[in-house]
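Before anything else, here is the set of structures, which you'll find just below.
Below are two complexes that have subunit A in common, paired first with subunit B and then with subunit C.
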Partner chain A sequence: MPARIALALLLAALFLFPFIAEKQPYLLHVLILCCLYAIPAVGLNLMLGYTGLVSLGHMAFAGVGAYTAAVLMVDARLGFWLALLAGVLAAGAAGAAIGAICLRFRTHFFMIVTLAFGLMLYSVMNNWDEVTRGAAGFPGIPRPAPLGGFTFGPLPNFYYLALAAAATAFAVQWLVVRSEFGRVLVALRQDERLAQAKGVNAMLYKTAIFALGSAIAGLGGVLHVSFLRVAAPATFSLAESINAVLIVIVGGAGSLAGPALGALVFVGLPEYLRVAAEWRLVVFGILLVLIMLFAPRGLAGLAAHAWARVRA
Partner chain B sequence: MISIRSLRKRYGGVDALSDCDLEIAGPGIYGLIGPNGAGKTTLFDVITGLTEPDSGSVLVEGRDVTGLSPHRLAKLGIARSFQECRVFPEFSCLENLLFGARGTRDEALRLLELVNLHGYRDEPAAELSFGQRRLLEIVATFMLKPRILLLDEPASGVNPALLELLLEFIRRMYDERPCLFLVVEHNMEFVMALAAEIIVMHQGAVLERGTPEAVQASPRVMEAYLG
Partner chain C sequence: MLSAVLEQTVNGLMAGSVYVLVALGMVLIYGVMHVLNFAHGVLLMVGAYVCHFFFTRVTESYVLAILLSVIVLAILGIALERAVFRPLHGNLRNQVIASLGLILVFEHLVIAVWGPNALQMKVPATAALVPIGELRFPLQHLLVIGVTLAVVLALFFFLKVSKFGTAIRATSQDRMAAMVVGIPVERIDWMTFGLGTALAALGGALIGPLFLVFPQMGDAPMVKGLAGILLGGMGSVPGAVIGGFIIGIAESVSTLFLPTDYRDSVAFTVMILILLAWPRGLFGVRVRGED
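Take a look at the complex of A and B:
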């Protein structure tokens, strides 16, 4: 019950945030970015945290969703919401197809193959000028079309969309983790051979979660480029995929709140530390090392430990 | 019930299975013994789909199941335990028993009680001692209600007090639901007390089979063990 009350209070605070921070659009901008980074991280958390699949090409699937939607909206004049759906489905389908290949490998071989596919997809985004507009980026991506008179142009309005999308991703994560499907994923992470010996079709389950994780990344990708009004290959590069892994691990792999905490630290903190100019990345690096040293289960693990001590 | 026909499996320059033939007609508790490297675990791995043989076939009740994936073989009623003891460490004892189970929660609780693990039902399996984890692993295989159960060194790492409990438990499970139990074991006292028939493997093939008394008296078996 206290957890539900805390969640309700948090949601209320997030909902009221635009009113509180009315004169601080920059803070709102950072919070939107936190939501947009947290969404792909949720997809990766399902793969890495719950199933034990460390993908180093995750953000490339966000790119598949983003560019699919961009082409459909700008070149094919499709409405935002249908393009969003198409982007999510395209990312999920790419995840299923590429996952079916990558998942034939295990451990570090799997990581290397996902990295290779990530680089390939990045190459396509960067070099296929006729479709993706290449390294210069894909400009002119519209903000979402109004819904029932509610427009998404103004920053606070887009904030609510990003918040709703992030909440949806977290709700999907919660449903998966609570389900029998989620239980099998956790079993696969602990001991795949044993799970197979008990009748689990490991390949099927892992491909399904790879596809779902990629589809969630696609959702984040579409919203990201719609927010920035431009799709740039750098947003979906290897560096961004590694950032996504760090967000999940720092936040707490295999915990429901991990991606949110990770995104807050990973996106929010460097922005906050901008005042320290060139020192900010050094400070941030030291903080990451400290988190790994003293909170191996990430910030969510640290929070759970602190909460247990308070209750005791 | 199970027919192994001319199975061959080679690892590098070593024949783990070398034209291995084995026919087991019906339910019963069978011991599978042999010196280290005789091919016992490889045979289990081939039967359960974890290893693909180079040639030969495995037939279960007349159906060729060679090369089927482990999960499909599990669905066909072939269950196993592992030499290195495998449980889900983060799951509680009860959750371990219920994962993939064909039995009910009440049955799981009864089985935990039979091996004195009832008090640990909600504890993560990682908290148990090695011997208790081994018991849990074996108990969990019975929850799958198998037609063929392969136990790979169930007595390994289990202290004498728990060993007696384990012996009684396996016998009881067989009495309640007779099927084919094939038990790989190096603890001779344990396997001779448990099995009605002993199969001896040596250099990747079946060397001898018979009652525990006959096998213990066999000069060929003596030679295989003592070299």
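Take a look at the complex of A and C:
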């Protein structure tokens, strides 16, 4: 029960935040970025944390969603909401197709093949000038059209959109994890052979979660470029895919709150500390190594451990 | 057309040489420790920066600068094995993630120290041209290929003949059995790691003068080196050499038919197609702990 009350309080605080911090557009900006980084991380958490699939090309699928939506909105003049849906579906379809190939490989073979596909998708975004506008980026992406009189142009309003999207992603994660499907995924991570001996079609389940994880990444990607109003290949590069792994691991792989904690630390901490960009990633790299060495369950694991101690 | 193919083949051999140096280091480390170090590419980059530092600040001699950089990186590799990879022994996933952390650390440390811009390294061998048939190549191209071939031969000889080399092969084949016959496997671990990072430093020091020295210079060699390893067969040393050269030549020759921008994709497509056909690669060795 205390967990539910805490969650309700947290949601209320997040909802009221624009009113509390009315004179702090900068804080709002940071929180929006947290949401935008947390969404793809949720998708990766389902794959990496729960199923044990370390994908090193995750953000490329966010890029598939983002560029699909961008082309539909700018070139085909489609509305934002339909484009968002199409982007999510396109990312999911790309995840299903590419995942079906990647999942024929295991352990490090899988990691390297996902890395290779990530780089190939990046190369398409970077070089297919006619469609993606190439390395210079895809400008002129609109903010969502007003919904029932509610416009998404102003920062606080876009914040609610990002918050709602993040909440949706976390809700999907929660639903998956507590479902029969989610339990099979965890079983596959723990012992794939045993699960198969019990009659689980491992390939089907893993492809499904690869597709779902990619679709969630696509959601994050579409919102990200709509927020920045420009899609740039760099947002979906290998470095960003590594950052996504970092967010999931630092937050706590295989925990429901992990991606949120990870994104908060990744986006929020350097803003708070005001360190130069290059030192910030040096610090995060060291943090990642230290977490692997001393706290493989990440911040969520540390928090759970501390909570258990307090209660004992 | 023929001379264009020849030109691209030499370019491919040159690029492939660097992939081979990276792949050899990774495959040796993988064989002995069952670690896949994704930070191998940034270590190549650090090697190039260290070489640049010695060459511009300390000594006039390029050869001496290469040697110093190789030594510094070998020490760095040994330190990393001690501090990061040994404690995570046996946990592939955590090792890979820690190596991703090392990528961030080194890439951004270098940016913080040397800045994000590419540095030039003026070595006489880049200016000198050598005629082959009707084509002329910079001496540095041929130097890269020659040094790599010499290193490959020396390494084969070392692995076959020397005691340390034999111990490396024994540990790769069966760590437990190697321990039983009295091979100090932990010493083999750090020595192999040092050897691997030394090879990466050599690669970085060799391509630095050709393609400038910049923070992302190791990314492509790392990924292509990996592709070469998978292509040749995970754990096979000759496979890594042949795989690295195949990737290098395939991507260079492809530029005759396809836009240069898609060169990397060609390398990956070759890798994925070959793996789908032969999951163990061309010279696949069955390595413990897999499937």
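Here is the rule we use: the second predicted complex is superposed on the first by the 292 of 312 C-alpha atoms of A that agree within 3 Å, B and C clash if a C-alpha of one lies under 4 Å from a C-alpha of the other, contacts with A are read in each partner's own complex, and residues count from 1 in each chain.
In the analysis below, contacts are C-beta pairs under 8 Å (C-beta built on N, C-alpha and C of every residue); 3 or more make two chains touch, one makes a residue touch a chain.
From a predicted model like this one, the values you see are computed outputs, not experimental measurements.
Q: After the superposition on A, what does A:190 contact: first (subunit B), second (subunit C), both or neither?
A: In the superposition, A:190 contacts subunit B only.
Q: Between subunit B and subunit C, which one contacts more residues of subunit A in the superposed model?
A: C
Q: For A:126, is the partner it touches subunit B (first), subunit C (second), both, or none of the two (neither)?
A: Touch partner of A:126: subunit C, not subunit B.
Q: Which partner does A:287 reach: the first (subunit B), the second (subunit C), both, or neither?
A: So A:287 only meets subunit C here.
Q: By the touch definition at the top of the document, which applies to A:246: first (subunit B), second (subunit C), both, or neither?
A: It touches subunit C, and subunit B stays clear.
Q: Based on the superposed arrangement, let me know which partner A:202 touches: subunit B (first), subunit C (second), both, or neither?
A: Touch partner of A:202: subunit B, not subunit C.
Q: Contact-wise, after the overlay, does A:3 reach subunit B, subunit C, both or neither (first, second, both, neither)?
A: A:3 contacts neither subunit B nor subunit C.
Q: Contact-wise, after the overlay, does A:312 reach subunit B, subunit C, both or neither (first, second, both, neither)?
A: Neither partner.
Q: Considering the complex alone, what residue numbers of subunit A touch subunit B?
A: Going through subunit A, the ones touching subunit B are 183, 186-187, 190-191, 193-202.
Q: Please name which positions on subunit C make contact with subunit A in the complex.
A: Interface residues on the subunit C side: 36, 38, 84, 87-88, 92-98, 100-109, 111-112, 116, 219, 223, 226-227, 230, 234, 259, 261-262, 264-265, 268-269, 271-272, 275-276, 279, 290-291.
Q: Provide the residue numbers of subunit B that touch subunit A in the complex, in ascending order.
A: By the definition above, subunit B touches subunit A via 48, 50, 69-71, 74-75, 79-80, 82, 86-91, 99-100, 140, 144.
Q: State the interface residues of subunit A toward subunit C in the complex, per the touch definition above.
A: 52, 54, 56, 101, 104-109, 111-113, 115-117, 119-120, 123-124, 126-127, 238, 242, 245-246, 249, 276, 278-282, 284-289, 292-293, 296
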